[in-house]
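Below are structures written as structure tokens.
One chain, chain A, links the two complexes that follow: it is found with chain B in the first and with chain C in the second.
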Partner chain A sequence: MNEAASLRLLGVTIAVAGKAVVHDIDIEFAKGELTVLLGANGSGKSTLLNGLFGHPDYALTSGEIVLDGEDITSLKTEEKARKGLFLSMQQLPEIPGVTLTNLLYRARIELFGKDTETPVEFHQRMVVLAEQFELKKELLLGEVNRGISGGERKQSELLQILALSPRYVFLDEIDAGMDIDMQRKLRHIIQHLLGRGVGIILISHHIGAVKDLAPHRVLVMESGHIVERGDLSLVHEIEKNGFSGISKNAYE
Partner chain B sequence: MDRPHEHNIGLVEDTVRQISSSKGEPEWMLELRLRAFALWQETEMPKWGPDLSGLDLANISYYSEPLHGASEDWGEVPDEIRDTFVALGIPKAEREYLGGVGAQFDSGAVYHRLKASLEAKGVIFEDMDVAVKKYPDIVRKHFMTSCVRIEEHKFSMLHAACWSGGTFIYVPNGVAVELPLQAYFRMNKMRSAQFEHTLIIVEEAARLTYIEGCSAPQYVAASLHAGCVEIFVGKSAEMRYISIENWSKNTYNLNTKKSIVAEDGNMMWVSGNMGAKVSMLYPSSILLGDRSHSESLSIVVGGDGQVQDVGAKAILLGADTSASIISRSIASGGSVVGYRGLVDVHGSARHALAHVVCDTLLLDGESRSYAFPVTRVCGSTSSVSHEARVGRVNDDALFYLKHLGFSEREAMRVLIGGFLHPIIKELPLEYAVEFNRLIDIEFLEGESRRSPHKALS
Partner chain C sequence: MENILREPSWFIAWKKSMDKTYVPNTDVAHLPEYRIEQIDKELELYTLKEAFETEGIRELVEGLLSSALLPNPVDEAAAHARSSISSGLVFYAQPKIDDTGIAIEQHAVIETTVSGHMGADLLIIIAKTGAHVRVVDKVIERDRGARFSRLCVVLTEEGSSVELANVVDVKGLSVDFQRYGLVGAMAQVRFLDEVASSSDCRIETASMLIGDGSRSVIDHALLADATGRFTIADRIDVRSKEAEGNISVAGAIAGSAHITYSGHTATKEGDIAVSARESARFLLLNDSAGVEATPAIDVLDRHTNVAHELSITHIKDEELFYAQTKGIPLPEARLLALEGFFSPRNLSKGFLGRLHKCLKAYE
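This part shows the complex of A and B:
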């Protein structure tokens, strides 16, 4: 892997309420590659992502985040976003009175500076993208995460990714509760992003869907540690034996 | 510029007589003023609501006699005064999107002009001082008689005794005034009082949007604003009254606004209230005619230890009447923001509907919010509901916005803008932009926080 063009976590430890719950994580994500992070509920996957992005309830207490050779550990959440990192969260707060189009237009200005597109042009472009990827375009003029179903929230997240063109995308159980049609759409978008050189880190419990995506790298977490690293064959093994069957407690 | 003549500090009967005589008023108006003054003298300060003990009524100048009358040409307005209104953007707004403009500086009008096309349709848009003399019958019939009554409270009495300037608007039957009319009231003197009177009559099936803007520079000594707005909405008429009040933070803003709505009439109040040390303001609609309707939308912004006691009233008398009151408040800087309102459904108001929603957003731990909603319902055919919510800025929402690239300040701007959106969307675009700018100055400019018009003082 070209270290100058990658996102690396070096010995990252995350604490919640003063107690370390994710320990000494080393992972390297490459552009245009799909990494899948697996693990039982409570193994620390979402905690790791929240800590990386600087959620106030999660403290990164040691370790480094290095993007293309630059240490970005101490950057604020919004500064990490401006470096091209995007987190698709499990719980999405409502932003009343603000339409998705309006939010994304303003977010693009925050990320890239003054936009040459007008809000109307941007909206029209987003409608075309929504149609291209079979996402519900009506979400663009609705209030952000308000009065919509769980499935629509996932679609809203995908529209955000398409609008903001991030370089590394962390998808935290974005496929949870998705029906078969939506899973197909998600696969299409993931393949599209990978083709454009975006690095994708997917947390999922959906082993069948993960197999279909043919990830470049598979990691398994348990009790806040990475306990397994492998490729697609590891997914097959988990499907056969479950997490308990492959856990080696390597950190012990 | 020559300084206007100031009447003596404090209020005595002679001051009231001087105000009336300097304006050359008819006898009936002097009698009205003197009756109000007598009532004011024998009436105690209100025993409810915010603390008004900092308001020293004995040390206020109640009237500044303007040396210049109202002009129809900005070029004839004295430079110093014109510059103030230019800085507030009034002449530009007049050129671009208003049907008429009135401008008042302290006690007197300095500018008044209506587009000729509206004048030709019989619309009257006049400085109130002039209207008393020019249209005595209609003014005498409506001026503090049936809508806002003189004896309503201590400050309506004071207003009736000392009122000066303001706006008179008359829209004849069936005339739709498509472009808004606007008046801007600027209180410029220290330790002074402003008592402009607005009287609007919208006749049957007529339509009007009227906008009032108010501001004052920051002075050390407290000032008083006790304006009065009376609106008569005729049968099937539509009236939209929009006000943006941004007083200096030592002004006591004790305003009275009321409308009477005839059958099938429609009254909308849209208010943005900022600034002031203490505000007491409860725009009221008396829904007299069957099927009449009123909406009251208000934004209240409290900062820097201010007390905003603001709300709305709806008195439902006619059958099938309906009222909606929506209030959105934001409190920061240790301010106290309260909703005080009344929904009064009388027995005659069969099948009436009323709905009240008041939401408050607290931006810090020191600010407070309260609500005193009063609901009275007579009869059993009405439907009345009330919702109230108080919330703080949600940490998860802030994190969510930051992870999209918004700085803390921009994230706050998004959240505040969204919270206020249901009201701001009712403002004409130019005013929505201006109001958002004022909100930015209030909450988001940190070190540079100041009175928006301080540079003019």
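This part shows the complex of A and C:
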């Protein structure tokens, strides 16, 4: 076990409707490192993330989540967020009538306590941040995930990460629905976050995009198990042989 | 209607105390107590007795109440409420012009305290040509178990506007409001309300768009909780050209409360360039809450522009989980979703507080 790793999953098992679907997962995440979680559809990647964050439909039935030596397994979802964990879900729900600025302002109060920044000042600062990273500032005054495209929803998640300054970010198919320009911006933001010591865990089906990001660690899931661990060379292998070729080797 | 005007109880004498609270000076029990929180000095305010003793105002009030344009009571309860009026207030607004010659809005905030079992009262707002008025009317319950009926009649002459905001935050008081707007050419009447109750609540609102270019808005923010039974009936009658009617209902329902809603926008042939919109949205906060909604729009002219929306929903687990992953605790996430449901209405602190308590009770 790497003691320098700040966030560790130890033997984590996730059940859905009483049935274990993700089994005995051990992963270490380090600050400022990019971990990519790959796997075919239905292999358990999103289930793992939802279970880690305490989604009501997913139960973490055994194992531990350890952050800087502290067991945070039983913390509530919002308490994990307060510890610096951020989840960008694959399917992003609408919150009708609530603007992104309002959601983020409330979240900031919960995460950092009441500060002297008024909602208007916060919004102005967010506009500057959006412009700096070439994200759509109009999203800030729009309703959360409502009336916008899939790619814009993902942009909204990036704005949230920039606003809430998390320590570990779990991105579940953040690149889905993004056009080529937006993918470039995403790469830029990921590099920016890594440079600031943020640990990033990325689920993606875009092998080309993953190669460009040059991840520190690559994990492959199948049937709820981690079946392969490696580095960028593993991504090249998956590109060449597909997941079926990889998992075949893993079980041999 | 004429019978109501002859009702002897209308002529109860009133006195105005030093703290601007109007109290009856007779031994008649259970009359409401009006407290004038705020009023622009140019805005004329009369008690019912004063209105009937003031030349010019009396004729207006009598004419208004006997107008054929005022809808008949829809049922026996409404008829009884109208025939038992024992007190009331009359606002009379002339245009107020600022130094630059622009007509500006005149404001009043009144608070009606209801105690014991009582009958009905009357609230009349008359805006003369070019006058703009906003009246906030708060109902406070002193004793639970009472019943309070109010007839509101609003008249806007050409180019004037009235906004009547009814704020009701009660637990055991049964409330029965009948609100009628007669809207002149290029004039506007806005009926807003914010009603939170655990008891019976009946609000019937009707606007008649009489003059060309007239406009009316009926906008409800409702919270029915515990065993509350709400009956909300809205009607906009378009009788003119280039008129616009908007009905908007947002209702949250908790406990075993129930809302029955009917909305009706009626246009007639030849009402060209009329715009009508009805939006009825209900949020059920638990499984035993209920709603029955019947919106309707009559479109009899092909030049009419209409839109309609009806939704009955609940706060979804995914919404709450999403907010929680951002660090917002579950109760605050629920409140955020509820505030979002009422958006774009800016809710009062009192209503927000009641929403918060309601959410806590049904967590």
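Structure notes:
Quick note on the criterion: the second predicted complex is superposed on the first by the 243 of 252 C-alpha atoms of A that agree within 3 Å, B and C clash if a C-alpha of one lies under 4 Å from a C-alpha of the other, contacts with A are read in each partner's own complex, and residues count from 1 in each chain.
Methods note: a residue touches a chain if its C-beta (ideal position, glycine included) is under 8 Å from a C-beta of that chain, and two chains touch if they have at least 3 such contacts.
As the structure is a prediction and not an experimental result, all values here were calculated from the model.
With chain A as the common reference for superposition, the partners chain B and chain C occupy clashing space. With both structures placed on the common chain, the touch criterion links A:105 to neither chain B nor chain C.
Once the two complexes are overlaid on the shared chain, A:122 sits clear of chain B and of chain C alike. Looking at the shared chain after the overlay, A:86 reaches both chain B and chain C. Legend: residue contacts after superposition of the two complexes on their common chain; A:56 is shown touching both chain B and chain C. After overlaying the two complexes on the shared chain, residue contacts for A:97 are found with chain B and with chain C alike. Of the two partner chains, chain B and chain C are each touched by A:78.
Of the two partner chains placed around the shared chain by superposition, chain B and chain C are both touched by A:164. Shared interface residues of chain A (contacting chain B in one complex, chain C in the other): 53-57, 76-78, 81-82, 86-87, 89, 91-98, 103-104, 106-107, 110-111, 143, 160, 164. Put simply, chain A touches chain C in their complex at residues 53-57, 76-78, 81-82, 86-87, 89, 91-98, 102-104, 106-107, 110-111, 143-144, 160, 164. The touching residues of chain A, counted against chain B in their complex, run 53-57, 76-78, 80-82, 86-87, 89, 91-98, 103-104, 106-107, 110-111, 143, 160, 164.
The touching residues of chain C, when paired with chain A in their complex, are 316-319, 321-330, 332-333, 336-337, 339-344. Residues 394-397, 399-408, 410, 414-415, 417-422 of chain B touch chain A in their complex.
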